[in-house]
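We call the chains A, B and C, going by the order they appear; numbering starts again at 1 in every chain.
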Amino acid sequence: MEWVMKALMIISLAVVVFAAVFIIFTIVKKGWSCITWEMVTSLPGNGFYIGKSGGFLNAIVGSLYIVLASTLLGLIVSIPAVFYLNVFLKKSSKIASVARLAYDVLFGIPSIVYGAFAFSIMIFIGMRTSLLGGIITTTLLIIPILIRSMDEVAKNVPSELYEASFAMGATRTETIRIVLRQILPGIATAILLSVGRAIGDAAGIMLTTGFSDTIPTSLTQQTATLPLSIFFQLTAPQAEVQDRAYAAALVLTIIVLLISLLGRFITSYFSKNKI
Amino acid sequence: MPLFQKLSDLKNEDFASPWANDGKSRLYTENLSLSIHGNRILKNISVELPCNKITCIVGPSGCGKSTLLKTFNRLIDMTEGVKISGNVFLGNENIVKAGFDDLTEIRRRIGLVPQRPCPLPMSIYGNIAYGCKIHGVRKRRELNRIVVKYLNEVGLWNEVKNRLRSPAVGLSIGQQQRLCLARSLAVEPEYILADEATSALDPQSSKIVEDLFVRLKEKYSIVMVTHTLHQAMRIADYVIFIYMGEIIETGTADEVFHHPKHELTKNYLSGVFS
Amino acid sequence: MLSWRLAKEKVMSGVMFFITCASLLLVVAMGIGLCLRSSPILSEISLWDILSANEWKPAKNQFGFFPFIMGTVCVTGISIVLALPVSLFTALFLTEYSHSQVRKFVYPVLDILAALPSVIYGVWGTLIVVPWISGWLAPRFVSEYTSGYTVLAAGTVLAIMILPLLVSMFVEIFSTVPGEMREAAYALGSTRWQLSRRVVMKKSLPGIFATVVLAVSRALGETIAVLMVCGNLPQVPRSLFDACYPLPALIANNYGEMMSMPLYEAALMLAAAILFIVVLLFNLLSRIILKRVED
């Protein structure tokens, strides 16, 4: 019994590790054989979707636009919320625990529902699918992620630190600065986490952002994003178009892995230097 | 030019206080009672904390010493379920009456040295300048003077002058505690509360801090909570003995330690309960 | 000077309270918004008829959700069945058996699995899982040809996607079992497996349940990866090798066409509303249990 179970456990662990390695290996192998410099540096040319020349720079730039803008907007909302929960409310406050529950729930809502919700609002106010729509949807999507992961760090700020600041005569507003310094690494990892999520999300953006072959020059234009570009190209029948999907998948994977690696580095680097 | 050289010139310069401290205010309580979630922690405390003296609050653990201390600077507000009745006066103001919201000024005038040193997550310089900045001192030159003056006051200047910009958490724990003291002094309080300020320190550092308190009582009134009786005997001028939330005996150190009137005090001093 | 500071404090407190509330109202706004947008179809066809009808012909005003609901249930069910034992054993191994070096190596792997975007899983699924099912697995079990875009493919891909969530939450829950309890069990002479089963798993049962509920709600809403490998045929799957069409895929695939037909749009919004409500309830349930466990 004992060794059977142990064997099962080791097999399970092997399955998990194997799955990760297998996925990365597949994407890298397939993508590496397809990717060319032209693909990442040029816009779709004529006949792009039947396999003619061009690249998916439009998707890379579109994704960057959406991710940067929504992360910025998300921070503007989530940082005050986190500080309100942790600095202005007491530890066992009812409001805080209800709020945390609500953010947990929001975190669990699938991005397609965010997309459908944002889409219905956009129809309601007469907005068309656009870069702005994508930014708003992604912002809504990452706010719970940002708040939850920053809150996790802020909750662990020792109460002595608050006492030290209050005992100096600092108001709560002024104490925010102290807490901010203390949780700065936490904020950095939260941002990376949400960037990773935002750049990889397709379902929410699908409904609200549309697609285009050019880099958008205004908020009201439609724009391409990396995940959608992969998805659309992969469903094309031509092998040349599918190849570009694999190349785009490689680019997206590399970006996401780098972000994840950087997050891990920040966490381990700063936890060494903490008090 | 390194910061410390720039600052060294300021060492002996005297300057006007940025705060108008019109002499000493009396700090006293009248019938102060306090309960947390219905448990009475303090019962009818009426006591005055004398100026320019070291007052030690002694008593067995859990008797309400720290709670009393935290009531003076209203840090007790951070605890939940607290109900206060009675009065605490600083000067002419009742700082616990309903609607009193000038907490920041109270906490400037009554500084706190915590049990475990807790440097703010900033540089050594920043730690001391922080209080002054939030209380309205903005001029760089004035801040520099304050930092130099109070690092000197607690005897840290020579130890840290070369690394004023490095994080305060890098200091040893004894240095951290002196930094916390300097941080409280920098906003020129009238009273200094110390909540077992030496209990987390090694004997040598705690001796340094103790000596500091003795030196500082010329300028400040110091209220210490301690549960090492020997410390109280060494440095106290005035002693308050609390038992189960009530004041059993108050008086000068000599009166309380050598001629205790109350049976409980005698028992406590002879180590019957600790 | 002072009143200015206090005024600033009041203003900041107000602004921050407002922002916090506004972000919380998002839950309410979502519920109301989706329900309002789906009301047109509910006034024409009763909810029960929509949920139980088989026919999906938007042009003829027939909106039967049953195949989609069954598709969602099947895919989610398969993924949980596949992922649960693997993640339980992995988590037990990590907490009870392994050295910390193993953990140091496995946690980044879980991180990577969690960080990979769902479209990448979809690409992997179409590259590996789909051909494998159509070329190797299916011929061994069924006689007729399958394309490989099946319930099983979707379930497999989804299972791997929810693995990191399951494993990391199980590890967290198992490590809350107090060390004294472990020592007591060892002192009575139990083996590691006996300890794992009788003490650790038994003690963590509510937590395991809550985690599974959470994973189910995550699996229910997964869109792109499933959409890419599930076949997208509106039918009730009869075997593992049938194509299916889960609800999120329905929403994602038809968002463009629906503009012209108000009922069509309402039907898709209803699908989103159903997803929202189910996921909301599952999440609430799971979080409340988890909170109990923590305390």
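Assume a residue touches a chain if its C-beta (ideal position, glycine included) is under 8 Å from a C-beta of that chain, and two chains touch if they have at least 3 such contacts.
Please read all numbers here as calculations on a predicted model, not as lab measurements.
Legend note: the chain whose CA centroid lies nearest the centroid of all displayed protein CA atoms is A. When every chain is reduced to the mean of its CA atoms, the largest separation from subunit C belongs to B.
No other pair of chains has as many C-beta pairs in contact as A-C.
Subunit A and subunit C have centres, each the mean of its CA atoms, that are 17 Å apart. Subunit B has its Cα centroid 47 Å from the Cα centroid of subunit A.
The distance from the centre of subunit B to the centre of subunit C, with each centre set as the mean of the Cα atoms, comes to 54 Å.
Annotation for subunit B: residues 104-105, 134 touch two or more other chains. In subunit A, the positions touching at least two other chains are 171, 174.
Residue positions 5-6 of subunit C each touch two or more of the other chains. Of all residues in subunit B, only 73, 75, 78, 80, 103-108, 111-112, 114, 116, 118-122, 130-131, 134-135, 169, 180, 183-184, 187 touch subunit A in the complex they form. The touching residues of subunit A, when paired with subunit B in their complex, are 90-92, 158-171, 174, 178, 181-182, 275. On subunit A, the positions that touch subunit C within their shared complex are 1-2, 5-6, 8-13, 15-17, 19-24, 26-27, 30, 77-78, 80-81, 83-85, 88, 99, 101-106, 108-117, 119-121, 123-124, 140, 143, 147, 171-174, 196, 199-203, 206-207, 227, 230-231, 234, 245-246, 249, 252-253, 256-257, 259-260, 263-264.
By the touch criterion stated above, subunit C contacts subunit A in their complex at residues 5-6, 8-9, 12-13, 15-17, 19-20, 22-24, 26-27, 29-30, 33-34, 37, 85-90, 92-94, 97-98, 102, 106, 108-113, 115-124, 126-128, 160, 163, 167, 191-193, 196, 214, 217-218, 220-224, 228, 248, 251-252, 255, 265, 268-269, 272, 275-276, 279-280, 282-284, 287-288, 291.
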